[in-house]
Structures are given as structure tokens and as C-alpha cells.
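In C-alpha cells below, several structures.
Shared chain: chain A. Partners: chain B in the first complex, chain C in the second.
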Partner chain A sequence: MNLSNFGNLAIFSTLLITLFIIIYSIKFLNSKDEILLFPNKLIMLSLFQTTISITSFFSLLIGFIISDFSLLSVYQNSHTLKPIFYKISGTWGNHEGSMLLWINIMIIFAYLFIVNSRNAETKYRIFSLLAQNVLIFGFLFFLFANSNPFSLIFPIPKEGLGLNPILQDPALAIHPPLLYVGFVGSSIYFSAAIGSLLSNYKGKAFANSIKVWVMTSWIFQTLGITFGSIWAYYELGWGGFWFWDPVENASLMPWFVMTALFHSLLVLEKRETLYYWVIILCLLTFTLSVTGTFLVRSGILNSVHTFANDPSRGLYILIFLSIMIITSTIIFLNNFRREKYNFFINSKETFILSNNWFMMFYLGTVLIGTVYPIFTEVLNNLSISVGPPYYNSIIIPLLIPFLFLMAIGPQAKWIKNEFKKYINIIIILAISIFANLSISYLFGKMTVLSNLIIISSLFLISYTLIDLVNLIKRKIKFNIARIISHLGFGFLILSIGINYNFSLEKDFNLKVGDQKSFDDFNIRFISINLNEGANYKSIVGKFKITENSNLSEENLYPEIRIYNNSEMLTHEASIKSDLVKDLYLTMSNINRSDLYNIKFQKKPFMIFIWVSSIMICCGGIIRLIEKKK
Partner chain B sequence: MSKKIGKYLLLALFFFILTIFFLALKNDPRYISNDLIGKKIQNFKFKKLNGNNENLSHNDINKTTLINFWASWCYPCRLEHKYLIKLKQNTNVKIIGINYKDDQENAQSFLQEFLNPYDLIGVDNDGVESVKFGIFGIPETFIVNGDKIILKKFIGPLNQKNYQEIINIINK
Partner chain C sequence: MLVKKVKNRIILLIFAFILSILIVFSIVKSLNENLLYFKTPTDLKEKIDKKIGKQIRLGGMVKKGSIQTNRDEIRFIITDLKNEIYVSFKGTVPNLFLEGKGVVAEGVLKDNKYFVAERILAKHDENYMPPNLKKVINNEPK
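And then the complex of A and B:
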């Protein structure tokens, strides 16, 4: 039996088992006896389903590793000369393989959810499993009918087409699976929300059963976004890390909802209220994940992440998405009961809710910006693209109150809060303003808005730090996870603010031996060397960068790579990072002459951007470990 | 009452968005591009490769012309290239190449290696003009007569069959 037959058999078996789970779940739910114990049969089926689907994924992986070009997806995305690491990552670097990974995550999460929710009501667990398997069935059907990774090609080609060289980067290889675990993982609380509505399993108990999953998917989503940005920065060679590209937006939208969700869960856990809002957020996260997938895979939006587009794919996902939205809305409305909210305006609940309002505002902004071009295209036949100015001008001003509330909120008390220490707030604000002034003194002038952003992020950082010191002094048990995440967010905004305002960019032409001076820098083009890599040749330049003010010298080695199989050129940036700045240099040859075009950038605080993003994640990880204990 | 109106409004909005997405799928240029056949070329404006800010325009189409969208990074373009060369050698058709979203240096070395079949080469760095023109992916090839009317469009790499079709059209 060849790999294709084996893989197809595995997918087909998974499809059958999924169908069995659906049928058995319905049978159990319809039986007249009261169900007390969760049926073992369902757990066994679920385990079996997990095993078979993982097997199908591994057979595709093997296809990529041994370069089995009889598989269409291997032929289109791999090459024998590719390093083994990129052969492996090729498995999910294409539409078909990534859909198989998608289904695997849904199945694994379903199994883990069922095994880990032993304390929850049986009916709720069965309903959740049923909902999840209906989703799985939909995607499996799609995979089998339209996006089969085990499609054969005949005659068998001797060599594959190769993977686009800019996709050969470790950060790129890692970030898609991280993101998939994040937003596909959200399917489990979509299903749990449906299960909760249908079985009337509400309140704190429901919050408890999903919070681990919300946190897990949020951690992976955050990591995925971070690694995606790192890839864009180091590999794309544009010197930026966020471009408001539709695919980036598609990953950010579920992130906003996840963030809102785990904050609301705190309220549901403590005060047994906001249940329906939490349900809406649960449903919204996965809906947005599928919407994002629709936008990207159908090809109706242009982006740097182009998958081979196929409108029939888009149509299927759109139909699936509509059914998902309509069904979940009907279930929601049928089970909706009016909730009474009596929140005191100055209370922890209100502060947490304000986080949700901001998240929803950001979500709306990004959603509109992302889909707006589709509307103008269809309605007015006008192709436009919505760029950074739109997002920056709407999102940045609202970051200021958000950061302030994020600082003050966590100290507020549940039910009713009183501000006793206004003086503290004023002192911390004064410190932040002073620090901001020193920053603008050291680096140079900036706009009013930038000043306000930096002041508010400094306020968040210092307020959280002082809070931490106080809590340690008074030996009160405190939430270290929240402190780390909020601190991380403060540092993130601060470093992005400084980076945005004080980056330096120069573009000029040099010959070997020439030099160029500007601002504080002198750049000397020393030499050129030829190098041989695993599957490419490269021209490596040597540049000496001298900074006049502190007389420091750095050597940078940008490369032009020529890949053997595709004869494609990529320009690899050479980056020197230290604590306070990155020096970034790329070179490209001009018309095969002696002249090289040089792009030089100084980017302050880049390392801080990555470190603070990881810090935000660490908060989540600590919270998850605490919950497990 | 107002709640009901709200619900209906929400429903209407949902279906509106759904319709737009659905139409957007239909809008896929690969499906409407057949409409281009029989139309006269109007907005054809590309910068010339290596030209000092000179432009190609629809006035450059003054006899039967093949317009071919290509790039050095596009693997199928390599496959079809030999047919373009053959057309250049065996017929007197004018061939205009539009270099799509490419690195100019890569484009030059592509032509040096595989030879240059083009009479004129235009450049579309960001792909906007090409999409406006009506192409979806590359390679795509159009045959246009001297009156600038599109006779036929080929999606994907040209093959022997297409080559013969092109010869037939030219000989008509």
C-alpha cells in the first residue's frame, strides 16, 4: 500500500469514527434514562479518532521527509535538496497540509476536553463533544472532497517544485502551527458554549470547565503572532514587524476576543454574572477564526501570505461559516434569558468590562479595515487597500485611556471599590511624565500623541511595579501572572512607541571601498565574498559601521542568496542587536554593475518588543500552571 | 417592538455581508476575464523595463500582438518560455511582456538565460496595474489584434496546443 492510499484510508476512517461519535452522542442524549456517567464508548471512540487522525498527519509528514513526489502536495511544495527541517515544515506550509493539521488540533482538543472535564455534568460534556464533532465532520468532509493532501500525481515527477525561499526560515516554520493551536483550539470552547446552552450548564462551573482552554489557545495565539512578526522582521527584509496585512489581521481578531474572554471569565467565576456575554465571546472567537480562514484561503483578499487560491474552497468555507453562525445564533437566542447586571460603577467588574469594550472596539476597527476592500470591490468595482494610517489613527489614541485603566483596574475591589490613594496616582503620573521628558530629551522630539502613549505606558509599568513592591511588602498573596502580563504589555507599547518615533532609515548606493557618512554614522563597504550554503550560493558583503558619538564599531554582513533549485534571489538582512538598538542593513546589486544599493536602518528597542511579547505570554503560562495545581 | 426591529436589522446585516462575500467569490477575475474577449484595450499603461520613465501604452499595440504576463520567480513561466521563443522565431507577431511583481535583477538574468522573446517589456512592481487590466495570476497571455481588440486569453503556461491555436489566429 502506498502512502496516498494509506493516508486516504486514515482520513476516511476518521470521517467514519466522527460520524459514529455524532450518532452515539445523539443516541445517548435521546435515551429516556437519566445519564449519570459519561459513556465509556464515547471516550474510547474519541481516543481512537485521535490516534487515527494523528496517524494520517504523520503519513503526510513522512511523505514530505522521504520526498514522495507521487503526492501532489509534496510535489508542489518540496524538493529533495531542501534541508530536512524545511521538508518537515513543508507539511503545514500549504493549504492541504494545514487543513489536516487544523482537523488534528480539533480532534486532539476534543479528546483532551472530554478527559479533563470529569467534574462537569455529563449531559454538558456529551453536547460539547457532539458540537465539536459536527464541526470536525464539516472540515473533514471539506478536506476529503476538496483539499485532499493525499491526491496523487501521475506520472510521478522526479523532482519537486520547491518551497519559496522566503518561507525557509525557522520562525516561519514554527509560527503557523502555533497559530493553528491558538485559533483552531478555540473551537473547543465554541462547542462547549453550545453544550452549555443546550444542557443549561451555567455559571461558575461552566467558567471552570473552559478557562484552561481559553488560556491555552490565548498563549499559543500570542506566541504565534510574536513569531510571525519576528519572521517578518528578520526575513522579509522590509525592516518592519507589523504591516496590517489581512492575514496578520485574521490572527489578531480572534486574539482580541480571546483576551476579552478570559477577562470576562474572571467576572463569571467570581460574581456568577455575564454568562451570556461569555457565551457570545466563546462563539465569536471560533467564528472569527473561520472567517479569517475564509478571507485568506478563498483569495478574495490579497496578502503576502498567498495560498494557491481556489474559489470553490472559498464557497465551501463560506457555506460552512454561514451554517455555523446561523445555527449557533438560533441556539443562543432560544436559550437566552435576560440577566440582571447590578455593577457598581467603581468596581473591579466595571474595570474588567472596560477591557472588553476596548477589545471589541479594536476588533471592530480591524474587522472593518480588513473587509472594507471587499465591499468597495463588489459594490463600486473599486480596488483599494486599507493601510497603516487607518489603523494607527483609530487604534493609537484609544490606547491611552486603555493603558491607564489597565494600570488602575487590577487594584480595584470586587463589588464596590473606593479610591483612597489619589496621591499615589498623581505621583506615579508625575514620574511617568518626567521619564517621558527624559526620553524625548535623549532621543529627540515627538508628536503630542506619541508623548501621551509613552506617558501612559510608563504609567502602566510604574503603577504595576509599585503595586508589586507593595504586595510583596505586605506579604499578601498576589496574582503574579497578571502582573507579568500587564508589565509586558506596558513595555511592549513603550518599546513600539520609541521604536516608531526614533527609527532612522537611509537608502544609498555604494561600491566596494566607498564610504558614506550621515547623522551620527559612517558606513564603509569593505569587501565582497562568495559563499556556498546547503541549497544556495551567496554573495556576502562586509560593512563597517562607525557610530561617531560613542566611537563604537560594528561589522555587518548582508547577503544576496541565489537558490539552486528555483534560481530565485533573496536579500538577507544583516542585523546587529544590542539592548537599546538594532542596526539593520540589506544590500542589492544594481544591474550587475559594481554599484550596490544599501538600505540602512537604526531601530531602537527592537529586542524589547520581542521580550515584552514573550513576557505577556509568560503571564498566561504561569496562570495556566497555577490552575493546574 | 424595537427589539424585534433590532433583530431583523441584524439579520439583514448578516445576509448583506454574506451576499457581498458570495459576490466577492464570484468576482474572481478568472471567472469574469472571459468578458474581456472582444473588448478593446483601454487602460494599458506600464512603465518600461530599464526605460527612463518611459511608458508602454495601448498605442504600442498596432498590429497583432501577444501580451504575456510573467515573472522570474514563476515556475510555470519557465515552462512556457520556449513557446514564446518559437513564436518569435517563426512568426512576425509582436510580443509584449509584462514583468509582474518581480525583482528587476532577477528578471534580467531570467531573460539572459532563457533568451528574450519580447519586443517590448513593461514592469508592474506592485501588481496593481495588471490586476486592473484583468489578470489574476501569472502566467497569462492575451492575443490582441491591430484594432486593440482582445481575441483570446490563455490562463496558465502556454503549451503545444495553445501554440498551434496562436499560430492559427495569426495566420487568419
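And then the complex of A and C:
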């Protein structure tokens, strides 16, 4: 039996088991009024489903590793000479394989959810499993009908077409699986929300059963976005790490909702209120994940990321998305009861809710900017794109109050809070303003807005640190996860602020042997060498960069790579990082002449941006470990 | 007491209403200011006076034999086989920037024939064609 038959059989069996789980759960729910014990049969079925779907994924993986070109997706995305690491990452580097991974994550999460929710009500668990399996069925059907990774090609080609060279990069190879766990992980609390509405399983117990999943998907989403940005930074060669590209927005939108979600889960857990709001957020997260997939895969939006586009895919996802939204809205409205909100304005609840308002505002901004071009295209036949200044001008000013609230909020008390230490706030504010002044003294002038952003991020950092010191001194049990994440966010905004304001960028054209001086730098183009990589040839330039003020010298080696099997060029930036700055150099050849276009950048505090993103993530991981105990 | 509560609520509602109007207004304003229209040289022909000085994206093909380079800048012609625009650019061109290949330049139109690009957009596909240009070329009478 060949790989294609085996894989198809595995997918088909998964489809059948899924169908069986759906039918069995419906029957079980209909048969008895009082359901006490969760049927063991369903757990076994779910485990069986997991095993078979993992088998199908591994058979595709083997197809990629042994370069079985009888499979269409392997032929289109792989090549015998490709390093083994990229053969493996090729499995999810294409549409079909990534959909198979998507389904695998849904199935694995469904199983883990059922096993881990033993304390919850049986009816709720069955409804959740049912909802999840309906989703799985929809995606499996899509995979089978439209994007089968095990499609055959005949006659069998001798050699594959190769993976897009831009995708042959370690950061890029691992970031899709991370993002998928984030994106797709949100499906389980979508299903749980549906299950909760249908089984009337509410409040604290519900919050308890989903918080681990919200945290897990949030951690992976954060990591995925970070690695994606790192990749964009050194591979796309523009020196930036965030471009407000539709694909990036697609990953950021669910992140906003996830962040809002686990904050309001805190309120639901402590105060037994905001239940319906939490449900809305649960439903919204996965809906946005699927919307993002639709936007990216259908080719409706132009993006720097290439996915082989296919309108029929877009149509299917759009239909599926509509059904999903309509059904969940109907279920929601049918089960909606008025809730009483007894909040004092000055209380921890309000502060946590303010996080939600900001997140929803950011979400709205990004969503409008991302989908607006679709409407003008359809309605007026105008092709436009929304420039990054739109996002910056709307999101950045609102970061200032957000950072302040993020600093003060955590100290507030539940139910009713009183501010006692105004003096503290004023002192810390004074410290932040002073620190900001010294930054602008050291680096140079900034705009008013940048000053405010840096002041507020410094305020968050120092307020959180002083809080931490106080808590340790008074030996009060405290929430270290929150402190690390909030601190990380403060550092992130601070380093982005400094990076944005004090980056130096210079473009010029040079021949070998030339040099160029500007500001504090002297750049000498020393030589060009030809190199041979595993599956590419490269032109490596050698540049000597002298910084006059501290007499430091660095050699940088940017590359132009010519890949053997796709006739494609990429330019590899050469980056020298130290604690306070990155030196970033790319070169490109101009129309095959002996002139090279050089882009040189000095980017302060780049490392801090990555470290603080990881820090935010660590907060989540710590929270998850604490929960387990 | 109750009266005070109702009063507070009304004030809060009015406040929220004004705030949301302000937010919507600022979003719409910023959106309109930052739209980048995508044009081909032929699109630019119509009502060209209105487009001078505005930030746009210009898409087309780099005309064969048109690239000239000196130490400071690159000059070339973007064509859609019907009309042409002269472009000058100081900065890094992507590696796939070649004569006869598709290109998208972001920048400002100075007069009816001359465009100053601030950014040449990288496209990771050697056969990339701006969608509008594809339409123009496909509609060409055979």
C-alpha cells in the first residue's frame, strides 16, 4: 500500500469516527434526562480519533522526508536536495499540510479537554465535545474535498519544485506550528462556550474549565507572533519587524481577544459576573482565527506573504465561517439572560474591564484597517491598501492611558477600592519623567507623543517594580505571573519607543572598494566572494563598519542567495547585535551591474524587543504551572 | 438617592456616547488620510491634476533598458504597455527588481510624467504582476 492510499484511508477513517462521535453524542443527550456519568465510549472514540489523525499527519511527514513525489503537495513544495530540517517544515509550509496540522490540533485539544475536565458536569462536556467535533467535521470535509494533502500526481515526477527559499529559515519553520496551536487552540473554548450555553453550565465552574486552554493558546499565539516578527526582521530585509500587513493583523486580532478573555475570566472566577461577555469573547476568538485564515488563504488581500491562493478555498471557508457565526449567534441569543452588574466604578473589576475596552478598541481598529480594502474593491472597484500610519496614529495615543491603567489597576481591591497613596503615584511619575528626560538627553529629541509613550512605559515599569519590592518586603503572597507579563509589556513598549525614535537608516550605492561616510559611521565595501551552500549559490559581500565616536570596528557579511531549483534570489541581511544596538546591513545588486545598493541601519535596543516579548510569554507559562499545582 | 443614581447613569451614558463618536470620527479621519490608492500609469492619465502630490502606489513593469543608476539614486520607467511614468528612487531595491519584471512603487507623483518613489515593495514571486496590470494586459486586444 502506498503512502497516498494510507494517508487517504487515515483521513477518511478520522472523518467517519468524527461523524460517529457526533451521532453518538446526540443520541446520548437525547436518550436520558438525567445524565450522570460521562460515557467511557466517547473518551475511547476521541482517543482513537486522535491516534488516527496523528498517523495521517505522520504519513504526510514521511512523504516529505523520503521525498515521495507521487504526492502532489510534496512535489510542489519539496526537493531532494533540500536540507532535512526544511523537508520536515515543508509539511506545514503549504496549504494542504497546514490544514492537516490544523485539524490535528483541533482533535488533540478535544481529547485533552475531555480528559482534563473530569470535574465538570457531564452534559456540558458532551455538548462541548459535540460542538468541537462538528467543527472538526467541517474542516475535515474541506480537507478531503478541496485540499487533500494526499492527492496523487501522475506520471510521478523525478524532482520536486522546491520550497519557496524565503520560507527556508529556522524562525519561519517553527512559527507556523506555534501560531496554529494559538489559532486552533481557541477552537476548544469556542466549543466549550457553546457547550456551556446549551447545558447551562455557568459561572466560576465554567471559567475554571476553560482558563487553562485560554492561557495555553495565548502563550502559543504570543510566541508565534514573536517568532514571526523575528523572521520578518532579518529575512525580509527592510529592517522593520512589524508592517501591519494583513497576515500579521490576522494573527494579532485573536491575540487581542485572548488577552481580553483571560482578564475577564479573572472577574468571572472571583465575582461570578460577566459570564455572557466571556462567552462572547470565547466565540469571537475562534471566529477571528477562521476569518484570518479566510483572508490569507483566499487571496482576497494582497500581502507580503505568499500562499498559493485559490478562490474556491476562500468560498468554502467563507460559507463555513458564515454558518459558524450564524449558528453561534442563534445559540447565544436563545440562551441569553439578563445579568446584573453591581460594579463600583473604583474597583478591581473596573480596572480589569478597562483592559477589555482597550483590547476591543485595538481589535476594532485593526479589523477595520484590514477589511476596508475588501469593501472598496467590491463596491467601487478601487484597489487600495491602508498604510501603517493609520494604525500608528490610532493605536499609539491610546497606549498612554492603557499603560497607566495597567500599572495602577492590579493594586486595586475587589468590589470597592480606595486610593490611599496618591503620593506614591506622583513620585513614580516624577521618576519616569526624569528618566525620560535623561533618555532624550542621551539619544536626542523626540516628538511629544513619543515622550508621553516613553514616560508611561517607564511609569508602568517602575510602578510594577516598586510594587514587587513592597510585596516581597511585607511577605504577602503575590501574583508573580502578572508582574512578569506587565513588566515585559512595559519593557516592550519602551524598547519599541526608543527603537522607533533613534534608528538610523541610510541607503546608498557602492562598487567594490568604495567607501561612504555619514554621521558617525564609515562603511567600506571590501570585497565580494562567491560561496556555495547546500542548495544555493551566494554572493557574499564583506563590509567594514567603523564607528568614529568609540573607534569600534565591525565586519558585516550580507549575502545575495541564488537558489538552484527555483531560480529565485533572496538577500540575507547581516546583523551584529549587542546589548544596546543592532547594526543591520543588506545589499542588493542593481540590474546586474557592478553597483550594489546598500541599506545600512542602526537599530537601538532590538534585543530588548525580543526579550520583553518572551518575558510577556513567560508570565503566561508561570500562570499555567501555578494552575497545575 | 435614587435620583442621584439615575443622574449619574445619564451622565455616564452621555459621556460614553460622546467618547464613542470621537473615537469613530478619529478612526474614519485617520483611515481616509492613510489610504494608499493603487494605480497603473494608465489609471493616472485620467484626472491627473488631482493626483499630483498625493501618496499612491504605482504598479507596472520596469521598462526594458530604462534603469539608470548613479551614486545617489536609481531612475527607471514604469510602464503598463500603454503609458509610462518616470520614476526616481533613493533606497534599496528588492532583488527581484529587474527590467521587464513587475514592480510596485510607493511614493508621490510630482507632475504628470514624474514620480518620486519612497519605497519599492518587495514581492517574493518572480512572476508577480500587480493585479490591476494583469487586468490591463489581459484585456489587450489580441
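We adopt the following convention: the second predicted complex is superposed on the first by the 625 of 629 C-alpha atoms of A that agree within 3 Å, B and C clash if a C-alpha of one lies under 4 Å from a C-alpha of the other, contacts with A are read in each partner's own complex, and residues count from 1 in each chain.
Assume contacts are C-beta pairs under 8 Å (C-beta built on N, C-alpha and C of every residue); 3 or more make two chains touch, one makes a residue touch a chain.
The structure presented is a predicted model; accordingly, all values stated were derived computationally and were not measured.
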item: Chain C versus chain B on the shared chain A, clash or fit after superposition; value: clash
item: Which of chain B and chain C A:S393 touches, first, second, both or neither; value: second
item: Of chain B and chain C, the chain that contacts the larger number of chain A residues; value: C
item: First (chain B), second (chain C), both or neither touched by A:L382; value: second
item: Partner chain(s) touched by A:S322 [first = chain B, second = chain C, both, neither]; value: first
item: First (chain B), second (chain C), both or neither touched by A:I425; value: neither
item: Partner chain in contact with A:I374 - chain B first, chain C second, else both or neither; value: first
item: Touching partner for A:F294 - first (chain B), second (chain C), both, neither; value: first
item: Partner chain(s) touched by A:A205 [first = chain B, second = chain C, both, neither]; value: neither
item: Which of chain B and chain C A:I54 touches, first, second, both or neither; value: neither
item: Which superposed partner A:G314 touches (first chain B, second chain C, both, neither); value: first
item: Chain B region in steric overlap with chain C, selected from 1-9, 19-27, 55-63 or 163-171; value: 55-63
item: Residues of chain A contacting chain B in one complex and chain C in the other; value: 164, 383, 567-569, 588-592
item: Residues of chain A defined as touching chain C within the complex; value: 164, 166, 236-238, 302, 304, 306, 361, 364-365, 368-369, 372, 382-390, 393-394, 507-509, 560, 567-571, 586, 588-593, 595, 597-599
item: List of chain C residues in touch with chain A within their complex; value: 23, 26-27, 30-31, 33-38, 55, 57, 67, 69-72, 74, 90-99, 121-126, 131-132
item: Residues of chain A that touch chain B when the two form their complex; value: 161, 164, 294, 298-300, 309, 311, 314-315, 318, 322, 325, 371, 374-375, 377-379, 383, 566-569, 588-592
item: Interfacial residue positions of chain B with respect to chain A in the complex; value: 14, 17-18, 20-28, 30-31, 72-73, 75, 103-106, 108-110, 113, 128, 131-132, 137
